[in-house]
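Okay, so chain A shows up in both of these, paired with chain B first and chain C after.
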Partner chain A sequence: MRRIVIAAVAVIAGLLVCLSMLLPSPWLGRVSDMLLEGTLILAAFALLLGLLNILRTHTRAVFQGPRRGQSILLIVALLLTLAIGLLFPQSAANAWVFDHVYLPIQASLGALLAFVALQAAYRAFRLRTVDAAILLVSSLIMLFLQIPATAALWPRLGSVRDWMLAVPVAAGVRGLLLGIALGTMATALRILLAVDRPYTGEE
Partner chain B sequence: MTPLVPLLSGNTEPIALIVILILGALMALFTLRARGGGRMALRPLRAFERLSELCSQATESAATVFATLGSSAPEGGSLASAQAALMLLRFVGRNIAHTGRPVRATTCDSGLLPAAQGTLTRAERADGLRHPRTGSHISFAGPEPLGMAVEAECAMADDAPLANLLIGDLGAEALMLTETHPGVIHCAGSDDPADGALLQIAGDETVIGEDVLSGGAYLDRPSHMGSLVAQDALRAVLIVAILVGVVAASIGLWG
Partner chain C sequence: MIVCPNCQHHNHKQATHCAQCGQPLADAVHCVCPSCGALNPIDGQFCQRCLTDLTVPVAQAPTVPRPEPTPEPPKVDSGKKESAPQAQKPKTPERPARRKRRDCKDRSAQREIAPLPDPAEGREPKGLEGGLAELGGDPLAGVTDVLPLETAVALPHRGAPPSELRSEHEEQEDAHLFSSLASEPAPLTAAAQQVLPPLRSKLPRWLKLVLSLLLLLAAGVPSLSPGWLPGPLTPSADTSKLLSVLSSLGSDAQILVAFEYGPDHAAELDPVAERILEQLADQGVQIHLLSTEPAGLGLAQRMLHGSDSLQMGLDDEQIQVLGLLPGREIGIRTLMRSVEGAFRLQTVASGPHGTDLTHTPTRISGFDHVILVGDDSRILRAWIEQAPSTLHPLAVVTAQVYPALVPYKASGQLSTLTQGPTAAIELQASTSRQITPLGATDGLAALFVVVLCVAILANVLPTKSNNTR
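Take a look at the complex of A and B:
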């Protein structure tokens, strides 16, 4: 019985939101807005759950895991940042944490991604498969067309690049997006028709 | 010029409704046919075949499988890919739970966290575990994919998994995992075209586009077969419609 009620609520809510996008009805629009706001509130609570999960995982790691120091540092930093954010939300200390701790760390790790991407590309091109060859040739062509020096060599290369982006690249991406849209619609329909019931846990 | 079809003159909602209804009808038709024993052929997708092999390999070698789950809607990603991620997680969880080294996972999506915990717990229960872990082996690594990549990197260094599933909207951060753990078999999938291009070069086995969403039909959900065939049928109809539109626009009948 519990599962039927959950499935019914999920199906009705999903159908109402879907219909509000397809049929011009103010009543449906209001109901849909209310349901979507509810989703955002639930997402906020899920973030709180995530916070508790981080604390639980790393508290356990302090006693059992091989990276105790890192887990202690994470818990201390998390609680300290949380305390500053809750007690002094508009303070300079709160901004300092983001500007001088969070952003530099994120930027440093982000900078590593360029090297990692290059390494991945090198590895892929060494595989000497047809896919890798196509990827290599198309990457080199686009790279060649994108750099400003090529425009200086031959001004018409700019229009070649624009044509490549507007016709073959756009056609490929649109074909991919068309398939994804159909797959997404099929997934949504399976959930709306209760064929898949991820919310009840039934297989 | 008068439009060929008046409906196409501006308002697109009726077309969307018609497409959804047609897809729904085709799904029902093909699902009934599949249940009735009708033959439906699927083109082979190496990544899903490999996933089944990896589960067997993990069972034989008592190795674990790691899962890195990207973000879903409403946190910026696709809800369909999140559903696909849960489907794959359930399949792997169910197949390797009895090894004693069940799936470990990390996610940057707090909304996906409880769903993944529930999915794995049920998968372990279905595999005969009396005391399934209640989601303690799935961790949230903060809302940034970069943080998730770092946490996954540490977890993989500790656990030395046989394989790593990279599913969902992960961004370039996925490359960090594939390049720092080249000995691990990385099975990657994303329905985001930009992510797909990166995963294509980084993953050992990759599924991109709508193939990610078809995992259920390939692995252990025959009920998804009907919807997959319906998608293909509707795709053929849309291709014909596009070609007709191009011809009509070219000869001045429309547009």
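Take a look at the complex of A and C:
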């Protein structure tokens, strides 16, 4: 009975939002707006729930887990950042945490990707197959054409780059987008028809 | 996760019965390998432990060979070998790629199998006559407990007792054991390595070092070289259009700028975002900033506080930070319906100069232009697809995302689409500001040289894999 009620609420809410986009009804629009605003509230509360879940997990790990130091560090950093953000939202300390902790860590992780990509390029550029040859040639051509100074070498190179982006690249991306759209529609239909019920927590 | 074979419902891994149709899952979701006895998913093609083909019918598998009557094989006339029992040959597991050919071979083998002696008819093939005469009669005469082939195959696995004698508790224990065995990672990993062997070994250490040094050199070129590839920059059509749009704005224009990128792409997009904000500040337009990610909002505020030129050029009431838009795609959808509705749910952060939202349009159509600066194609596509048809955003994106948005530019949903590094240097050159060495050009050129070197190294130098293969 519980599953039926949950599925019915989810299906009705999904259908209302879907219909509000298809039918020009003010009533449906208001209902859809209300549901979407409710989703925003839920999304905000999901952040809070995630925070509490992290706290609970690492508090348990402090008492039971083998890596207590990391959990303690995480909890202290979390609470400290939270306190600074809540108590002094426009302070220099808040900006300092972002500029000197969060930003360098994320930027460093992003920079590491360059080395991984380079190693992957080394593996992919081995000319053992026709596919690898096409990949290598197209990569070099596109990278060469991306350099702004190449237009100074030969002005038509810019038009060549534009043609490659507008025709072959756009064709491939359109295919990807069509696939994504079809997959999204299929998933949405399965959820709307209650074939898939991710909201019940069943795998 | 267990897929019910009856209704295809996805059940929890520990489930013993289907949550939708009630079908017992313990006996239905696994099959026993005829070769090694391992438990496998019922829809698996190959055994996870020994790679035996599970799609071959059990009657053809060599699980129950006919017992040999004596340790010594019977002597058969050399001229009549064709009628000898070829089916007695033990079959070795073959590679999965040859499955179809193996099926054909099995069928042909079935056709070539000589009919087994049928005691009821009392007839035997001529090829066995000599051997049977030496053995002194029927070789199976002294063998007891021999089941017919069909009966033996139909029996359950040797480890399992008859189902009617097993209690429900035992069945549940078996189901749990089956589940844990079938999901054990080690045999699957080993099997995967056999089916899909690694292409090649890792790069040699010295080559990794050379590649890393090359990449570091490429990263340092913009700051080290005073423009070793200088050249007259011709702004692309999109950059020219972006610049003309920004230049044509009046002081009463309302511009919404979405910072949809994180710190990992800040080096790529920060310069162009700063150029755009500087240009908007020069025009004296009203700027409204928002982001669907906390990091994007942090970057925007960092830029406002950290840039001297922005702080000098911006008026107090000229810029407003709307804040974080939660919910990602849902938040964008709500924003497209009502800006007020999207941000009244949020604690609205006042701008860095103490402004509020009283001058902010309540509808998205109230903005003259929307500028998207982002590195996430999913969020950017949500912005583009949910925007009203009258609103054509101006997008500045990373080189990684750029190809994914080209169709939107071609269809006219995007007014302009530019890449971050090139747009920054082109805007800088077009606005006749102080032009630093052409860092973007140098960086891209250095990266091109590095990739070219990698391509040459990958195809010229021998590696461990070449030697091992």
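Methods note: the second predicted complex is superposed on the first by the 181 of 203 C-alpha atoms of A that agree within 3 Å, B and C clash if a C-alpha of one lies under 4 Å from a C-alpha of the other, contacts with A are read in each partner's own complex, and residues count from 1 in each chain.
FYI, contacts are C-beta pairs under 8 Å (C-beta built on N, C-alpha and C of every residue); 3 or more make two chains touch, one makes a residue touch a chain.
These figures come from a predicted structure and were not determined experimentally.
Asks: Pick one for A:Glu37: touches chain B only (first), chain C only (second), both, or neither.
Replies: It touches chain C, and chain B stays clear.
Asks: Would you check which partner chain A:Val130 touches, where first means chain B only, second means chain C only, and both and neither mean what they say?
Replies: In the superposed model, A:Val130 contacts neither chain B nor chain C.
Asks: Please indicate which partner A:Met1 is in contact with in the superposed arrangement: first for chain B, second for chain C, both, or neither.
Replies: neither
Asks: In the overlaid three-chain picture, which partner chain does A:Gln119 touch, first (chain B) or second (chain C), both, or neither?
Replies: both
Asks: By the touch definition at the top of the document, which applies to A:Leu86: first (chain B), second (chain C), both, or neither?
Replies: neither
Asks: What is the contact status of A:Leu177 with respect to chain B (first) and chain C (second): first, second, both, or neither?
Replies: A:Leu177 contacts both chain B and chain C.
Asks: Touch check for A:Met185: first (chain B), second (chain C), both, or neither?
Replies: Touch status of A:Met185: first partner only.
Asks: Looking at A:Phe98 after the superposition, I want to know if it touches chain B, chain C, both of them or none. Which is it: first, second, both, neither?
Replies: Only chain C; A:Phe98 stays clear of chain B.
Asks: Counting only touches as set out at the top, which of chain B and chain C does A:Leu47 meet: first, second, both, neither?
Replies: A:Leu47 sits against chain B and chain C alike.
Asks: Would you mind listing the overlap between the chain B footprint and the chain C footprint on chain A?
Replies: Touching chain B in the first complex and chain C in the second, residues 39-40, 43, 47, 106, 109-110, 113, 119, 121, 123, 173, 176-177, 203 of chain A appear in both lists.
Asks: Within the complex, which stretch of chain B touches chain A?
Replies: 13-14, 16-17, 19-20, 23-24, 27, 31, 74-75, 78-80, 83-84, 86, 90, 110-111, 113-115, 118-119, 122, 126, 136, 138-144, 146, 150, 154, 158, 172-173, 175-176, 178-180, 182, 191, 193, 196, 198, 200-202, 208-210, 212-214, 216, 223-224, 227-228, 230-231, 234-235, 238
Asks: Which residues of chain A touch chain B in the complex?
Replies: Residues in contact with chain B: 18, 21-24, 39-40, 42-43, 46-47, 49-51, 53-54, 56-57, 60, 65-67, 70, 106, 109-110, 112-113, 116-117, 119-121, 123-124, 131-132, 135, 173, 176-180, 182-191, 193, 195-196, 198, 201, 203.
Asks: If we count contacts the way the header does, which residues on chain A are in touch with chain C in the complex?
Replies: 29, 33, 36-37, 39-41, 43-44, 47, 89-90, 95, 98-99, 102-107, 109-111, 113-115, 118-119, 121-123, 125-127, 136, 139-140, 143-144, 146-149, 151-153, 155, 158, 162, 165-166, 169-170, 172-174, 176-177, 202-203
Asks: So in the complex, the part of chain C that touches chain A is made up of which residues?
Replies: Against chain A, chain C makes touches at 1, 10-13, 19, 199-200, 203, 207-208, 211-212, 215, 219, 229-234, 236-237, 262-267, 295, 298-299, 301-302, 305, 326-328, 330-331, 333-334, 337-338, 341-342, 345-346, 349, 352, 399, 403-404, 406-407, 410, 419, 422, 425-426, 438, 440-441, 444-445, 447-448, 450-452, 454-455, 457-459.
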